[in-house]
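As written, the chains take the letters A, B and C, and residue 1 is the first residue of each chain.
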Amino acid sequence: MPDSRFFSSAGPFSLADIAAIAGVAPPEAADPGRSFADIAPLDQAEANHVSFLDNRKYLPVFEKSKAGLCIVHPDVAERAPASMLLLQVDKPYRVYARIAAAFYPPRPIAPGISPSASVDASAKIGGGTCVEAGAVVGAGAEIGERCVIGPNAVIGPSVVIGNDCRIDAGASLSHCILGSRVIVYPGARIGQDGFGFHPDPEGHLRVPQLGRVVVQDDVEIGANTTIDRGTNADTVIGAGCMIDNLVQIAHNVELGRGCVLAAQVGISGSTKLGDYVFIGGQGGLTGHLTIGTGARIGAQSGVMRDIAPGETVGGSPAVPVVQFHRQTTAIAKLAKKRAPSGDR
Amino acid sequence: MPDSRFFSSAGPFSLADIAAIAGVAPPEAADPGRSFADIAPLDQAEANHVSFLDNRKYLPVFEKSKAGLCIVHPDVAERAPASMLLLQVDKPYRVYARIAAAFYPPRPIAPGISPSASVDASAKIGGGTCVEAGAVVGAGAEIGERCVIGPNAVIGPSVVIGNDCRIDAGASLSHCILGSRVIVYPGARIGQDGFGFHPDPEGHLRVPQLGRVVVQDDVEIGANTTIDRGTNADTVIGAGCMIDNLVQIAHNVELGRGCVLAAQVGISGSTKLGDYVFIGGQGGLTGHLTIGTGARIGAQSGVMRDIAPGETVGGSPAVPVVQFHRQTTAIAKLAKKRAPSGDR
Amino acid sequence: MPDSRFFSSAGPFSLADIAAIAGVAPPEAADPGRSFADIAPLDQAEANHVSFLDNRKYLPVFEKSKAGLCIVHPDVAERAPASMLLLQVDKPYRVYARIAAAFYPPRPIAPGISPSASVDASAKIGGGTCVEAGAVVGAGAEIGERCVIGPNAVIGPSVVIGNDCRIDAGASLSHCILGSRVIVYPGARIGQDGFGFHPDPEGHLRVPQLGRVVVQDDVEIGANTTIDRGTNADTVIGAGCMIDNLVQIAHNVELGRGCVLAAQVGISGSTKLGDYVFIGGQGGLTGHLTIGTGARIGAQSGVMRDIAPGETVGGSPAVPVVQFHRQTTAIAKLAKKRAPSGDR
């Protein structure tokens, strides 16, 4: 059960309510008014809880679960305990996410500007938006409706933020344009000058960075992640991208729609990603590359060449994943062969 | 000599005082009232300074040192210069740390709440605690005694902090419970939602993150490190863990007691570490792994499988360290063999 | 064209003005009073724009560009379109950087202390300096002339900052001395205690960190980068170093002049770099190493031994770059050879 100090339940919900969220009819024999108090994992759930099964690995747990209601794929329905009600759907985890969000919606926003916030007189703040304690909003900034600007966050001059955005504690934005429903986690840094200079023994000389960061709708940017603005063109984060913590995105990088970057990924300047590119944790990409739509780049990979659409790569330097596994196997065998007496 | 602008000496201390801190008797022939003004490295120490020898590599420096008093292991005592007094102990570095802390204790806390801090009326602040300028403490938060909440730090609603904790400048905490004597360095981010969503071309859908971060006693969390809260269960940091800067700890990770994570380590979701696990800088662990007590994971390792207790691994993908060194040697030889004419 | 919400042009400039910035005479046949309104990339430039060519790869674009004035190397001058005026210089990109900076100078500083900043009465603030909203300046701190202390930045007690420095939003400094013309990007953490403790199953014991961070003139420190202070000696960042985002620099590290560290680099304790060392993104160095002047360390390298001056290394563990490429090739061949039937 979520700690009630941090999470407020909007439950209970009736079976009919939950089925409606899931987009399916309630089980025929069941009482549509039956009440469910909470959500819970399969192994902890009781008769008045909603649970889900998304991974066949957990079938044994499922078969013994006491959950009163479970979200499942039709393929596993016949394995359910007799006492369990089922809502059968194609994507159980996705449906569960919607039900969990119904039980535990985000805290309601308390609109208004904290007396300890510093909001420039020329800034525009939309209706229903909350600017929390210590936040700073610069001259000419425009913030949409129903946003939360977290404690001690900094919104630079002329920054534009759409509707229903959340900028968390201590994050800072400058020289950027955000769409709607964007979440910027604590301490993320967006829009500062990129790493652009003329290197020279007589002294490196900074080149003015005159572009912006454009963040499209429905993007999440993780805690302490950094996204530099472009040099002449913009750095662009496509709609629906999910960016984890401590990620580095350099100047002029462009991400297509729905890309997923795990923690500590680094992308060097001017590299362009297509849509739905996945990059595992600590993966690194050099500059000026083109990564095709649907490419998958393994954790800790070091990508130094263009990647074709749909290709999966691993290793440093990165190679197609089948080759990477062959290399790993070949090295292991080579080392074994040499181990007994091969040390000449 | 430490810069007196930043560090205030509580010295001088007498030989008797220092011996008492070390937990040993002063040398018999010496005047227990003899005064020592400061601590210093062997090569810079004078007659009124305390120094230490912990590494036999520095024996030549030790033999020529002018330090008046030195903390040493009994094994090396006979190598000391004639004029040097010795305190012989089993763990010289550990004893030196205590003496250094006596000479240079933390600045005393000036209890009270800065007029520019924003502390919610429902928050509880323990006696002797200081809330510095610009800090924000949310509704229902509970902070223990003798804590320092640094400038512009943010303590979220309902967060609980034990006694004698230090939350440094610009750090932010939410959805977490901290024990006592915890240090959170500047810019660390604890308790934000983890990277949990249902990935789908129709749009990734966030899954509510309904757990917490639980940080046990005597933990240190480095600058700009990020620790996400759990999805259903908690993310747990065991007592006495030392976590360096820019480390990523994902949702539902559990660390046992006394783990040491060097800078830029990344641990993916739901991985569990036993006690006293050491991970070198930039090491990465994928999700859902079990790492045994006392395991050691080399710098830049990429761990993709469970690690047995006490095992030492290196490389990416990580293998037992002996095998890693064999692989490195085998590859070097292979490349040499092929270099002259092997490029067929 | 830069977005005028974020960037204010100081243009137009005359040909004579621009030639003066470039340090060359204007073309003989041209009107020195001819006006140029803006800068632009070759492919977007119009007749009243200044552009540049620095990379022969773009010669085809150059030959078709409509730019009225272009900064080029004499070697390519004869390839210019007939209508294009040229300023011929040895380092076109460097000269372009100066011209771009003339067109788009930094926003003028509005001197003064924001009413929402917290500046200790004993701090000294130089003439022409701006302390922005929510910034905190501790007791005894000394800030030079014409500096900008950004919103919610924290300058710790007794910190010294030279002239013409910029400390961006949310950054925090303690126990450090900065030279002049230093830029600290948002969220950077400078001067906190390093990762120094006596590891022991009975409990790790922190060792007081009694050194400082010394940052010389003309250094840039990237967003969310962390630099720990020294244990006894200082951590030193040499003049003119360029440090990208999310870099970790541990206690007692010393960087010579003009080093360039790309994003997510990590340098362990007490490692010393000479001058003009370049380290690629995500490169890692273990502790107590000596890296010679002019060494180049590839992206994602793992350096575990000293590097000679001028040497170039790659791989993890890092080896000379020629050997690294041989190894990569040898492994690829080995895997190919074994692939068909070699899986014994």
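Everything below uses one rule, namely that a residue touches a chain if its C-beta (ideal position, glycine included) is under 8 Å from a C-beta of that chain, and two chains touch if they have at least 3 such contacts.
In this text, all values refer to a predicted model and were calculated from it rather than measured experimentally.
Engineer: Go ahead and align chain B to its copy chain C using Cα positions, then give the rotation in degrees, nearest 5.
Structural biologist: With C-alpha atoms aligned, the rotation comes to 120 degrees.
Engineer: Note whether the interface between chain A and chain C is symmetric in residue numbering, meaning over half of all numbers used appear on both sides, and answer same or different.
Structural biologist: Here the answer is different, because the shared fraction of interface numbers falls below one half.
Engineer: Can you work out the whole-Å distance between the CA centroids of chain A and chain C?
Structural biologist: That pair's centroid distance is 28 Å.
Engineer: Of all residues in chain B, which are in touch with two or more distinct other chains?
Structural biologist: 116, 134, 152, 170, 187, 224, 246, 264, 282, 300, 316, 331, 334
Engineer: Could you list, by residue number, the parts of chain A that touch chain B in their complex?
Structural biologist: Listed in rising order, the residues are 2-3, 5-7, 40-41, 91, 93-94, 96-98, 100-101, 103-104, 114, 116, 132-134, 150-152, 168-170, 185-187, 218, 220, 222-224, 240, 242, 244-246, 258, 260, 262-264, 276, 278, 281-282, 299-300, 316, 328, 331-332, 334-336, 338-339, 342-343.
Engineer: Help me check something: in the complex, which residues belonging to chain B touch chain A?
Structural biologist: Those in contact with chain A are residues 116, 118, 134, 136, 138, 140, 152, 154, 156-158, 170, 172, 174-175, 187, 189, 192-193, 195, 197-201, 203-208, 210-212, 224, 226, 228, 232-233, 246, 248, 250, 264, 266, 268, 282, 284, 286, 300, 302, 316-317, 319, 323, 326-327, 329-331, 333-334.
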